[in-house]
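What follows is a pair of complexes built around chain A, which joins chain B in one and chain C in the other.
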Partner chain A sequence: MIRSKKLTWALALPALALIFVFMILPITNMVEMSFRTPGSSEPFGEDYTWMHYTRILGDGYYWGVLRRSLYTAGIVTLLCLVVSYPIAWHLSRAKGFKAVFLYACIASPLMTGVLVRNFGWMIVAALNGPLNESLIALGIIERPLRLLFTQSLVILALVHVFVPFMVLPINNALRNIPQSLTEASASMGASRYQVFRDIILPLSFPGIQPGVILVYVLAVAAYVTPALLGGQMVSYMPTLIIGELTGTFQWPFGSALAIVLSFSTVLVVVLFTRLTWKLNERARA
Partner chain B sequence: MTTVEVKNLRKSYDDFLALDGVSLTAETGQLVTLLGPSGCGKSTTLRCLAGFHEPNGGDILVDGESILNVPSNRRKFGVVFQNYALFPHMTVAENIGYGLRLQKRSKGEIETRVFDVMKLVRLTGLEDRLPREISGGQQQRVALARALVLKPRLLLLDEPLANLDARLRDEVRWLIRDLQQQSGITAFYVTHDQSEAMAMSDMVAVMKAGRVAQFATPREIYQKPSERYVADFTGEANFLTAQRVQPVAEGRYSVHVAGADIEVEGVPGLLKNAAAELLLRPESLTLVTTGDTATFEGEVIKCAFLGASLHCEIALPEGGRLKLTAPPNHEVGAGDRVGIAIDLSHAWLMPEVAP
Partner chain C sequence: MSMAAQTFGGQRSVNLGFAVLIIALYIFLLVPVVTIVGASLTDGLMIEFPPRGLSLRWYQEFFARQDLVDGLLMSLRIGAITAVVTSTVAMMAALAGQGLSGRLSGLFQLGMTLPLLVPELLTAVGLLFFLYKIELGKTVTGLQFGHILMSFPYAYVSISAALRQVPPSLEEASASLGATGWQTFRLVILPLVMPGLAMGAIFAFINSFDLYTISLLLKPLGGNTLPLALFDFLTYEFKPTAAAAATISILLSIGGVALVQKLVGLQRAF
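Presenting the complex of A and B:
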């Protein structure tokens, strides 16, 4: 369809305005802030400097935290994918009331506020909490495990809340695969596993890709869950950034950390998209 | 070498009975068409054959052995779908070679077999395109090649031409028939186009609401239908109510039709005075001058000049209408009284609905 250029622009205007106000402006502001000198009595000084970036990039500690953040988010995303795929599969087969019920179940982690959900995890994972008790009752462990304030619990809690973001796009992609394709491959001799490997999995990739990106970005930026369930022992970038911004009031340094984190995340996402580009292009039909 | 015997097949979806006792046979190398209107159960029958549905009753024997317990991936049947069902993420060559790759054939063998079959269906040069980058007719031929390359025991085609335009349909139709005959593969072919069914098939099964109304050769289906439904579905047809049906020999009856007493062939086993209809195909009727050889007389209602022929509709005084085709040089128009001669050897007496 050919439309007039003017009309196209007019139609894009609301979206552009939104992006400008809520994305371009704040980011520009952040970038500018990250180059400010530290202030003595105010959160930031008058002049501009590179010092925050050289400090971050020159300090192994920050590299370590950044690596942990990116790595943990990767683990969360991977686990999320493994957990979500079968769920998405079932959801994509469900019809009528069953489908509605499943959708509600899948969205349920998002129905509680972030604080309530994390306090819930604290109770569940406490030394004498239900999780430890049932593990002991089942004879899997003898003495209660220290679960709270561990990295594993943070990962578990993040996987729990991000599952819907992975399930929904994959479900969508799976629903778009015509049944005749799986039947065709079966008639050509493919076992159920081969049908899955050769047809279903590649064709669901257009759902896997956005799911992975979404969950990864959310996991990198997660603050409350690591802060509450991770304790003081391990730091992640968001906890560090918030500390600088609201704890020690070092706005320029905090901004620089935030920019470094965002940049790294985008880099990972771009790399992932580039690597999977071909696969996605083909499956996109 | 494959013979197929479908015995009293039954299949219901939830509480809807889609197949109510379908029985068919196919001899080695035959192309059997399932013909019928939308929703009569053609695809369901084919899907039971392919193993995508499990029938609720009946049996399917291939070379004398029941295949109901054989999963679809072990049946070695080639299936061609109405929407082609090409794998969108594989190139044309990958689509065609997929089944061979599953069989773990050597790279060289796959390459030559794919190349050969692509030449057969005239697709050479499109190996590296994705399905969405080729035309509908080409996609259709990829689907065909993909099934043929595995040398299936049985070929199942579900309205393979439905999405093609008239010219392509003709071309691919003959391609399918040629390939099927050359390779001697037994095939089931679903269509709701009667001319397609007539032209291609060795046997036609006319289906009606989950049953086979008649299973016979195309000629028999057309000339000796078992009931009005079959006659209606297989081409232009005139029906006249027959009275005073009187069997005179096996499959021969004397009847009183539209004021005339005639003797015709018909479905065997009709009883004396049974309710029956006389089928007169348009080509067994000729316009004649009133009087001499005319069996019926009537008044022309409509006449359309089509160049090569004249299509007329004639009302009989006793009620009933006849459509016929006359040579174009006949000068008749609406309102004229005309005589009609019947080629009685091609009239056919049959029940309105088969018992």
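Presenting the complex of A and C:
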């Protein structure tokens, strides 16, 4: 590539400025905000304090909400992996027009807003909605279940939101596994299950790991789904944070909550990466 | 029954089971969208699926609601500006990224996709304070910057993928024939990356059109985007108008995806 250094930086400048000014600076700002004293007329005060962190860490209520958020995101990630893996496998085998059609099916949820999809689940899960009716028709339940505003529905909707984020990296990893490898082991007498357990699963791990991390990080901080489908009874960290920021205008306290949440998420991700490091190494070898 | 026949029978039932599972999972993916489109066509007074009779009355109702139509117009305007700005800035950044190598290149890629990797909630909270500080709080301009930031990675990823497909020899040939850098870009590179550029712009538009959390926190005074207006509508009135509004935004997305498919083919898009 024949391009001078000066020109390269000149071309990169607007994008770098965009990311720096409207993302790095604001997030740094949020860290600073979390140490501000509460304001009386303004949303924040002039001085600095640790009080928001001591308040959060000293209050069992916030620990409970944090635990619920981290735990729910874990369940969502796990279910998402279970749902996405077969889809990714199927997608990685498809060719030609069929592949395009399947990509469209998977991309279509990615391309419709989270709010719209959650609204779809509201209709599906209504008391006399299609889900209840089909369960009754199948004889699984006798009378309609109250599904709306339950934690299970929040989890279901979140899984739906994040499936594409999991399918696409796993699909990439599966596509990189040479077909000759699975054929060879099958011809040497390995059963389908053995081929899957000993070859496909370990080799697809480089796709599973980023998928899991991305979905977990996004699921912990998801706001719309719990706000719309979770009802008033159960709080999650994101709904609490937005409540502090827009409802009561406690900007410093809201920031501290956001930072506690981010810090815990990073801890979980680091722990996960460490625990699964060996699996990834094995796939690379 | 011989051994071979037994295994064969086992294979077949495994295959069948897998096919059923796959179909069920694809149904799961499509259910909410299909339900909304169906519910929007009802002739009845309630949001329900399957719809009670067919009509377009709730679309009429949608276009008669000033708050929802204003939301739609605002979303369209913000989305259009976002598409133009992000694709221009991302085109430049992709050209720059091509000139980098090694660790710097990886770091640059990471930086450019940062808004996609950091949860929207954190960016939104940070921007809320920052825009307040630079006196753009609760303004349409502030919200516009938020949308540009959040949609930028989509444009960048599409455009830099398209740029990677252009053989470097073309650029060298053009330069050796005496073309200036700008001529090479305009006459050689730009036509070749055009589909990727268009795809980036479309994805940026769709993403901006669907953003919720960031719009909620940066909501300008007296203005609503369509998702915000829809959320408010759903909280106070649960009528099929909402399904009509949601269907309109689904149609916009499908139109966008179809356009991308026509321009580049979906498989290359991801």
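To be clear about the criterion, the second predicted complex is superposed on the first by the 259 of 285 C-alpha atoms of A that agree within 3 Å, B and C clash if a C-alpha of one lies under 4 Å from a C-alpha of the other, contacts with A are read in each partner's own complex, and residues count from 1 in each chain.
Operating definition for what follows: contacts are C-beta pairs under 8 Å (C-beta built on N, C-alpha and C of every residue); 3 or more make two chains touch, one makes a residue touch a chain.
The structure displayed is predicted, hence computed values, not measured ones.
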**Prompt:** Which partner does A:Pro238 contact after superposing on A: first (chain B), second (chain C), both, neither?
**Reply:** second
**Request:** For A:Leu158, select first, second, both or neither according to whether it touches chain B, chain C, the two together, or no partner.
**Result:** neither
**Asked** Is A:Val116 contacted by the first partner chain B, the second partner chain C, both or neither?
**Response** second
**Asked** Regarding the shared-chain residue A:Val65, is it in contact with chain B (first), chain C (second), both, or neither?
**Response** neither
**Complete:** Of chain B and chain C, the partner touching more residues of chain A is C
**Message:** Looking at A:Ser180, would you say it contacts chain B, chain C, both, or neither? Reply first, second, both or neither.
**Reply:** first
**Message:** Applying the document's definition of touch, where does A:Ile87 land relative to chain B and chain C: first, second, both, or neither?
**Reply:** second
**Item:** chain A contact footprint on chain B (complex, rising order)
**Value:** 50-52, 71-79, 81, 83, 85-90, 98-99, 102-103, 130-132, 146-147, 150
**Message:** Touching residues of chain C toward chain A in the complex: what are they?
**Reply:** 11, 14, 18, 21-22, 25-26, 28-33, 35-36, 39, 47-50, 89-90, 92-93, 95-100, 108, 111-112, 114-115, 117-123, 125-133, 145-146, 148-149, 152, 156, 168, 171-172, 175, 181, 206, 209-213, 216-217, 227, 230-231, 234, 242-243, 246, 249-250, 253-254, 256-257, 261, 265-267, 269-270
**Complex interface listing, chain A residues touching chain B** = 178, 180-181, 183-191, 194, 198-199, 202-203, 279, 282-283, 285
**Request:** Show which residues of chain A lie in contact with chain C when the two form their complex.
**Result:** 1-3, 5, 7-9, 11-12, 14-16, 18-19, 22-23, 25-30, 33, 43, 83, 86-87, 90, 99-100, 102-109, 111-124, 126, 128-130, 160, 163, 168, 192, 214, 217-218, 220-224, 228, 238, 241-242, 245-246, 251, 254-255, 258, 262
